[in-house]
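Both complexes shown next keep subunit A, but they swap its partner, so subunit B is in the first and subunit C is in the second.
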Partner chain A sequence: MSDQAIVPDRQQQLPIYAKAHISSAIRFLRQGLPRTGIDNDQARLVIGFYCLATLDILDALESASSESEKEGWRSWIWAQQIRGIWGSGFRGSPGAATNQPASSEYDPPFLIMTYAALLSLAILRDPLTQLDREGLRKYLKISQREDGSFKLFPTSEEYDLRMTYCAFSICSMLDDWSSINIPSAVTFIQSCRTYEGGYGQEPNNEAHGGSTYCALASLHLVPPSSNYAGSSALLTPAQHAQTTRWLLHCQDASETGGGFAGRTNKVQDACYCFWCGASLDILGMAQVVNADANASFLLECQFRFGGIRKDRVSNPDPYHTYLALASLNILSKDTTNPPFEEALDPLWNARASTQLWLKQRLHATPATAAPA
Partner chain B sequence: MATETPPPPVLYADREEWRDITPLEQSDLENPLVPIFYPIEYKDAMDYFRGIVATKEHTDRVLELTEHIIRMNPAHYSVWQYRYSTLLALCSPEYLTKELDLMDELCLKFMKYYQVWSHRKLLLLLPESPSSTSGPNPLAHIIPTPSQELTYLSRVLATDAKNYHTWAYRQWVLTHYGDTHPGIWEYELIATDILIEDDVRNNSAWHHRFFICFASGAQNGVEERELAFVKSKISLSPNNLSAWNYLRGILDKLKIRYAELQTFVELYSGPRVGNRNEDEDEVEVYDLDNPRPSSNADLPCALAIEFLADIHEQEGDNEKAINVRALTSFDAFIPF
Partner chain C sequence: HGIKRTKVDAAAIAARREKEKEKLRAYLESEKEILDLKEANEWSEAALQLTEQFLNTNPEHYTIWNYRRDIFTKLVFVSWTPEDAYQRLVLDLRFTTSALKRYPKVYWIWNHRRWCLENTPSGPGTEPDSKGEEGIDGWEMAVWSQEVLLVEKMLSLDERNFHAWDYRRYILSHCPPSLRRSDADELAYTTRRIEKNHSNFSAWHQRSLVYTSLWKEDPSQRAPALDQEFELVKNALWMAPDDQSGWLYHRWLVGSGDDVTILEKEIGVIEELLEVEPESRWTLDTLVYYKRLLMKHRSEQGKRQLVEECRRSLETLCRIDPMRRRRYEDIGKRILEAYSYNVAYNIQGATL
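Right, the complex of A and B next:
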């Protein structure tokens, strides 16, 4: 059945099925994934992050799980912090570990998992005292390539904007940019820009909503206080206009649309309502989005028994569930039923109180010195 | 009940030839986050994988075990990684040839996984990786040439013409080998011709065309050729964002004023000019600079109106730009 074939009645906006989404997220955290989820075996931490963030954004973490259960999850996440020759970071699961906790060539830390671990721990209100800061700085340094990009894991041949975003977010969380080379990283980001105004995953790749979010969020995370002139990292007015235009064209303008596609001439998909919607918010252009149509589409993607789907017919999953809610928060915070408690920071992709928790635990006071 | 289920797989735990390996269970904690319900076949294979990694074994049976796991979970980086280092250690033309055949199968089958492309790239880079001896890598001659690789990628794109990983990999092959093998660029334009002919809204093909025409060094006459090409595609399907973005891309890249396209754009931004049916007897001259909309095109075209507004803006006439832009939000201009 084609998603486009469904003609929704949009006279009245659907509510957020919050209770169902909360029990679905809890079920994934506790009981996990069925055998069809095997290909997430090395990415359990990031699936966990989407579930925890779902509970956080719906303001349900306190009521949905006990303190001892949360303590168990915190311990599990800390058990994924591994130290080794590359410094210290987080892996997505203990699946490749032979004699943990020592990190080996085949059981390395991953940048994406490290980003997800820090946010998950903040959501769980962990004191973060177990974080190996020095090791993490070393790991960040080792992850950066000569062209400014960052490797997925230290011996990987994958280096794209996802990892740049994670590295920048981690530096921003630590309030310490001294272990990475900002100018070369910014040059790499700029080289991923395409003639359409979006960014591809790597240089010369097609403009893509996810990569565009990673590029824009990274550029806006660069601290103005760093020796590197932050302003030259940002977009020129012409680039700003071109990127805004490309992002707006990703929104499906048809009667059954409202959602965003990830690339030109592709179909709308709930996750791009976040990647493109948050990108527009970062550019200060959220007000020109048709937010009601976006909300209608996302609410129609809800599965009545919990979870949100990429469209109106697929199966729900934790990734689309969280990103759909995050998009609603950014673009329709006060108009949904029920409205969201708190705003989401589009750069870290975390709600305000979670962001504050992390800052209070990890930021040095006063702000650390600028990199030499 | 038992007779209805398929016969259970023969586990490594029950196989004589694996008895020397001590299987290692995954050490999860009491309160695991997002546990996965592993089928017994996967759990058993992973226990032996961990056992192999612990003993640092790099023999041919590691290839068997890791292929088995990859077919169940193509996203396991560590398994791919261990397989790669085993291939390096074995340093055998026979195993490498088999591996390349296997990757032809798996990149098609699992094209949506980053890992298959990452492994393929590592194999292609093998001749450049330092070998144990100081001479050239003894396996170098087995690795496909860049043009063979591009031929394979066309096969993959024939099954999914918009797969992002396949396109990204193709762009990597071209940038990595383009200087040393300049001949590999030759077929690329025709490849995009075919894909755009097949689906004029295939933005991946349009993007690739821009990359080969404008991002990889200047070629003579490319500007005129590509402007004519994109205009002809707009005339066939005016409401095609890919083509308009391509047109804008060329103008931006070559710093051509949008106003130079005004005559062309105005054929699309208003109601149809003239009626072809009445002029049936006349032989229509195809104007390469300003091809007219095809007879079944939906006009006026919102993307042309947007372009016209941008012409006014570029020429400094903001009031006119605002007035024209306002037209695109009229329902009347949604294609009917």
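Right, the complex of A and C next:
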């Protein structure tokens, strides 16, 4: 019995409206978001990342933008690198810029923005020579709290698994884990695990698809050579089974389903198709997922004139657009005719060539061979 | 006729675009005005007003929240009377209440409330201190008790808003001691929410947190509580066997399956339910899971029996829940492999 027959009315899957998504991403990069996106103004950098990553995954960056445009974007991103008392990192936009000394309390670097900046620059093939590595190391060190978690910015009250993932990703990109305390970070990750089998954003929170991805990716990014005593970072067989189970049951099995929900008893949403789908891939269980049903749902979330929605009715946005494509990519990579040029690495959330670029520019002994 | 309509539409579109542009212009102008004031170290009530208007439009502008708090720190708490400062904080709490109604998931708003609570000055009223002199926590008591009410209101509007649940946990652990809820009270609260709606997973989750901390403090409480909880969740499972919340809670109660009495009893309870609902996905799925746990307590023959039962259940599951067919096939394979390995090497209690 083929999986396609499971959802009988969806014999023909919709195509990916690649051209529309490309022009939508380019439009946002060139003109910004409409007024309805005002509340994202402080987060411009990460919105830009989702647009760039969309172009990257669709293999369209070269053709859709000029060299001078790319240079402009690279410069804009570098203009958000700020140095100060907390080391160096990136902020989300110049919206908080002041005449005061750089990276004051008003204008700190953000961990999520720093992560997005590095990936964006790699997608744009920036030589990364302007990166203040020393400052970045200092910033990472300062960002970590005693309980092992990482703060959104140095004076922030927010510290959850999203920041842990960003910190671990940055260390992976730099191939330098010297500025963080891995064992305490791992302890924090494990303290976010719930009896459902997933991981909440913080201890005591319900299991959530996004933070489950952050937890699993972080645990698997820890370099095996890292010299810390104590139990392995990875899951026990029982935990592995339990997490797999929770993730798989997040997939909506109704007639109009196929997508993944983000928490127990919530509704399907395109972004969780990535958070949960990629999590299953990290656990080595992607082949157990009903990828066809997932794809059917996501393709129906597309807006014909560009962008992908979280469901079939809301407005599309860059975040859901990229993550929907990423989910399609991850869950189709082992099929005979994957619709994407290159597979995404589920831990780095970047395509292989972008990952290679980062390694070549930032690792001490860069990988010269093609990635495995 | 057609031409006129097109003209009107074009004019309407142009008018809308102009309006949008104007709104954007006004927004950017307002942002600049406020940031310029901040630059100039202007700590004034007028500036406070401006930030309030702005934050109503864009509550995600963290810099302007910061500026607002700085005005409090550098003006209100310094130059105003404690009474006036308190009243101003109360106004801020009211302001964030209406902001939260429109933006219930914006971190900055929740954070600002926390900040207001933590910076409430001491004020007259309530309990006299040990010397019999007038109490000094009247204002704190007022704001904190308001918070408990507010967060419960938020939760009745959206029972799954984890920001609100988080905030509730924060309130209950940081409020003045006389306002703290006992664990019994908290359990009663979750019972009410669960009775109102069995699929309120967040309420079940909160319940598990209360018990976890209770049992950590006093492990002897666990056994009697379990009896009661199994009864409670059994009701939920019978009323709504298709709802995942009760099943997950049940699994949590059963735990690792080391207590074979509990395991056998609960398998019995669930098999009863299965007789009434033979094609219930959660029921079958849970049974397979518990029977796998039971295998470690069984002899060779008992194991064989359980393997066969699981195989049949998994077959049904493949049919009624085809979305996860491959998962059930995978489980079936693993059970068989572990069982064969068991038999071949005569190993007791191997993990399946």
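Basically, the second predicted complex is superposed on the first by the 345 of 372 C-alpha atoms of A that agree within 3 Å, B and C clash if a C-alpha of one lies under 4 Å from a C-alpha of the other, contacts with A are read in each partner's own complex, and residues count from 1 in each chain.
In this text, a residue touches a chain if its C-beta (ideal position, glycine included) is under 8 Å from a C-beta of that chain, and two chains touch if they have at least 3 such contacts.
Keep in mind it's a predicted model, so treat the numbers as computed, not measured.
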{"item": "Side-by-side fit of subunit B and subunit C on subunit A, or clash", "value": "clash"}
{"item": "Partner chain in contact with A:Val267 - subunit B first, subunit C second, else both or neither", "value": "neither"}
{"item": "Touched partner set for A:Gly37, first subunit B, second subunit C, both or neither", "value": "first"}
{"item": "Which of subunit B and subunit C A:Asn205 touches, first, second, both or neither", "value": "both"}
{"item": "Contacts of A:Gly95 with subunit B and subunit C, given as first, second, both or neither", "value": "both"}
{"item": "Partner chain(s) touched by A:Ala20 [first = subunit B, second = subunit C, both, neither]", "value": "neither"}
{"item": "Partner chain(s) touched by A:Ala343 [first = subunit B, second = subunit C, both, neither]", "value": "neither"}
{"item": "Dominant contact partner of subunit A by residue count, subunit C or subunit B", "value": "B"}
{"item": "Touched partner set for A:Ala64, first subunit B, second subunit C, both or neither", "value": "neither"}
{"item": "Which superposed partner A:Gly72 touches (first subunit B, second subunit C, both, neither)", "value": "first"}
{"item": "Partner chain in contact with A:Gln251 - subunit B first, subunit C second, else both or neither", "value": "second"}
{"item": "Subunit C clash site on subunit B (candidates 27-35, 279-287 or 315-323)", "value": "315-323"}
{"item": "Subunit B and subunit C contact sites that coincide on subunit A, given as residue numbers", "value": "34-35, 38-43, 95-96, 98-100, 105-107, 157-158, 194-196, 201-202, 204-206, 208, 249, 253, 263-266"}
{"item": "Subunit C residues touching subunit A - in the complex, by the definition given at the top", "value": "20, 23-24, 27, 31, 35, 38-39, 57-63, 66-67, 106-107, 111, 114, 160, 162, 165-166, 169, 199, 201-202, 205, 208-209, 243-245, 248, 251-252, 321-327, 330, 351"}
{"item": "Residues of subunit B defined as touching subunit A within the complex", "value": "24, 26-39, 42, 46, 49-50, 53-54, 72-79, 81-82, 85, 113-114, 118, 121-122, 125, 162, 164, 167-168, 171-172, 174-175, 201-204, 206-208, 210-211, 214-215, 240-242, 245-246, 248-249, 252-253, 334"}
{"item": "Subunit A to subunit C touching residues, read off their complex", "value": "1, 3, 6, 34-35, 38-43, 95-96, 98-100, 105-107, 157-158, 194-196, 201-202, 204-206, 208, 237-238, 244-245, 248-249, 251, 253, 257-258, 263-266, 287-290, 293"}
{"item": "List of subunit A residues in touch with subunit B within their complex", "value": "28-29, 31-35, 37-45, 47-48, 51, 69, 71-73, 75-77, 79, 94-100, 104-107, 152-153, 155-158, 194-196, 200-208, 242, 246, 249, 253, 263-266"}
